[in-house]
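Following this line, the structures themselves.
Presented sequentially are two complexes of chain A, the first with chain B as partner and the second with chain C.
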Partner chain A sequence: SVLRFPLSPPQRPLHASVVLRRTSDERQKEPGAASSQFDSGPGPLPEQESRGPHPSYTGQGGQESEDFESEEQLQHRILTAALEFVPEHGWTAEAIAEGAKTLGLSSAAAGMFHSDGSELILHFVSQCNTKLSEMLEQEQKLVQLGEAEKKPMDQFLRDAVEARLRMLIPYIEKWPQALSILLLPHNIPSSLNLLTSMIDDIWHYAGDQSTDFNWYTRRAVLTGVYNTTELVMLQDSSPDFEDTWRFLENRVADVMNMGSTANQVQSTGEALVQGLMGAAVTIKNLAGMNQRR
Partner chain B sequence: PGVGGSPRFCSGRVELEGMNRPVIDRIIRVDHAGEYGANRIYAGQMAVLGRSSVGPVIQQMWNQEKEHLKKFNELMVAYRVRPTVLLPLWNVAGFVLGAGSALLGKKGAMACTVAVEESISNHYNTQIRTLMEEDPEKYKELLQVIKKFRDDELEHHDIGLKHDAEEAPVYSVLKKAIQLGCKGAIFLSERI
Partner chain C sequence: VYQVFESVAKKYDVMNDSMTLGIHRVWKDILVHKMNPSPGTLLLDVAGGTGDIAFRFINYVRASRERQLQRKLRHHQNLSWQEISESYQEDKSNSLGDSQVVVCDINKEMLKVGKQKAQHLGYSAGLSWVLGNAEELPFDDDKFDVYTIAFGIRNVTRIDLALQEAYRVLKPGGRFLCLEFSHVSNPLLSRLYDLYSFQVIPVLGEVIAGDWKSYQYLVESIRRFPPQEEFKAMIEDAGFFKVDYQNLNFGIVAIHSGFKL
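Our next item is the complex of A and B:
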């Protein structure tokens, strides 16, 4: 497919970001014409344009660019800047374009990304997860230093999920849209990955040390709690989402109760095993094998 | 540690940066599954032969496996590795293998021990090679653990031989079958 950047052909071999940087240096035109090119299908992902490791940003004059950064870092900066415009434009290329503009880049930068806003949403989720991890890490440090009380498990889980969901509040209007995009087949591996590592993080900081099947049970259950609470939050119109937090409290209480159910299942299993053992011993006795040799 | 705090929770941290996560993940997961299975095998053997003359021997080997499992439980938490989903399966399969081999008699149990311990030792050796190739310094702690455990397993293997494992009924067939099963278990536990 044809590259849809406002470039003249000789410039095509260069990284898109190099061109954008030079465009920002020139800062001449406000590419109004460029905006119409967003919808013409996804541009090639920059990774595919890679020509070897780091491009050396020697400009036409042979001077090296002072602020050398990788493709990925630039993309992160653009996406972060774009978040500000999400409440207004939604998770779209428009938001990305606006974000790029605030960084002094050409709005054609949005062509670097998928037109459905996938990267923007995934970037946002990833950022939220990182923020959550940092929060939990901080909290753990305080507890270790004795400056804070260790929370009981149910409160810890509640607070962690609430903290994470609160990060959605500024974007809550457009979040349903984001959720549906995250469920698109080509996004599912990434979004699932982000979800599972977030849940694993929460359990890790909650002090989960299970190394048996409980590891899976706990994560599955907490994922269910998180997802259902998220959905409740989307439809919640109470002040400061207090209905949501009450729903969360009840779900977490269920998690705690479930622990005892698991124990009951285990004791049933143990009882079964003992029954089988009894049968085996009986058979051995009958076969005369149970004698001291 | 602080009020009501779990000491291991804080001190069991390992510097995860710069580690080859996929490789370490697999290693710890499969080793944990292996020790878990070995535990269940000895449990099965004890269930049948616990009060026979080899009872104490098996008990001693079982105790060492319990120590191994404990260590891997710690490592699993420290390296934040997930356990294999197949643990409930290994729970039953291990016990059945142990009890089944013991029903063939003392020598059958020893044959099973020899087969399993040989598989495990080879498996540990492969892991040691892998880690040495990666970076012996970075993985020093893990290497130490695996080396010690490999030595323990070799000892069990020798104990099995000493107790007439080779005289067990259909020894070579039994051994081959068990080792094939171990290979399969290792393959699966590394991945799922």
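Our next item is the complex of A and C:
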């Protein structure tokens, strides 16, 4: 489910406000088809709701469906519009103010968000994760329909991480700033959540090709690969980030090897144990204890 | 109410300082900081009489604008001399970045004091003074980015009308900010506060401004004003969204904020 709202004329927010009050009165209707829920991670806006449950989108067909909008949806629209201004203004309230202006709202609307730009960044990360999920879903469909080859595990992981990291390219200059804001104590729960659900998603679509890892290990390992590659990307000045992708290739290869090393260790272990058993039996024979009279 | 402020106008600032022990300056600073205005913002300050909020707004926007220009210059390396001189000129003529503040007050005396203060402190660009009633503002619809009313709304007879007017004159996306005395929930503090209000303030009023009655009125009007949650509901009734409040000093003062969405 991608955010897709028709561009509204400046009158619309007024209309939306009239309609918002109606929706908050009729809370029983079900959310319509085009809801703005993200499937990966929690909603990026940890806002305190001042009037009880969120007025929900009630896009039932017919009558007044298309123009209904909740506060949350409007906020998402503002943040999406603000992304365009990030390369120039950074992840700041100013970018949000500019975004609001393109929607026909006053720049004061940026006051709805935290002044450090946290929500903008979380919104962006959430959007990227959603895009990645959709991409992987599409790929999977093609494979199921037989229109594409199923990729080997290492290729799959490399492609997924590369695709996700490429989404940062337009914002790469200001990304270090974003990372430092995501590490602020009040943002860590949300940002960690988004990261882990993205990694889980990738493993989910990678299918259950046995690698002998348990779930936690797989998650931790891929998170490590993703984070280190991201950091390398921030300092990479090679054309089209070749160095980064090469680094990624090596890391994923390490992950694969780790799998087989674990195998080797296990089979070596088994062989060792068998050898010991054999030695013990031989000694017993020599000592004459195995004889059965 | 009108006569109270007529007599109070000249000594208004002095009384504010002595009554609140100067803390009112901090409260007003916090209000403007919360507003976080970007250059180009159009502010309407209602009941803003002596201009405290307006001046702070101008300072904030000026500083913000300077930072903006510095950042722009840093990005543009290799400018020609022509471009550099042009940017300096733009600097001089647009130090506020097109931001403006309109101070509206029902009382001529308060406006007069405000204008004098502005002249004295050197504020001229982006500032206008308008005589008007909060219940019936002399402005068109959808005009302003931010509407503030600092320590003024409790003096309005029909608060709901003032809120509706605020809604009307704000642009879509615009913000309503109200700084006002409110209710202290902490019982111990509440008792101390009552003591201070009823015993000390009217005395100060008599000593400094020669006016016991006005300050008695002031303290009573503070008590009569609806508490935080109730005021928040009133703001929502006027049509604002994302209404929230922030207590300062345990509720002695509260900032209510709402958006026209």
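Just so we're on the same page, the second predicted complex is superposed on the first by the 193 of 293 C-alpha atoms of A that agree within 3 Å, B and C clash if a C-alpha of one lies under 4 Å from a C-alpha of the other, contacts with A are read in each partner's own complex, and residues count from 1 in each chain.
Simple rule for what comes next: a contact is a pair of C-beta atoms (placed from the backbone, for glycine too) under 8 Å apart; a residue touches a chain by one contact, two chains touch by 3 or more.
Computed from a prediction, not measured in an experiment: that's the story for all the values here.
After overlaying the two complexes on the shared chain, residue contacts for A:94 are found with chain C alone; chain B is out of touch. Note on chain A: of its two partners chain C and chain B, the one contacting more of its residues is C. By the touch criterion defined above, A:280 lies against chain B but remains apart from chain C after alignment on the C-alpha atoms of chain A. Legend: residue contacts after superposition of the two complexes on their common chain; A:186 is shown touching neither chain B nor chain C.
In the superposed pair of complexes, A:246 makes contact with neither chain B nor chain C.
Once the two complexes are overlaid on the shared chain, A:111 sits against chain C while remaining clear of chain B.
With both structures placed on the common chain, the touch criterion links A:146 to chain B but leaves chain C unconnected. Residue contacts after overlaying the shared chain place A:131 against neither chain B nor chain C.
Contacts of A:71 after superposition: chain C is touched, whereas chain B is not reached. No residue of chain A is contacted both by chain B in one complex and by chain C in the other.
For chain A in complex with chain C, the touching residues are 10, 13-14, 16-17, 20-21, 47-48, 50-51, 71, 74, 93-94, 97, 100, 103-112, 115.
Listing the residues of chain B that touch chain A in their complex gives 1-6, 8-10, 32, 47-48, 51-53, 72-73, 76-77, 80, 82-83, 85, 87-88, 99, 103, 106. Those residues of chain C lying in contact with chain A across their complex are 34-38, 40-41, 68, 145-146, 170-175, 232, 236, 239, 241-244, 257, 259-261. Across the complex, chain A meets chain B through its residues 140, 143-144, 146, 149-150, 200, 204, 207, 209, 211-213, 215-216, 277, 280, 284, 289-290, 292-293.
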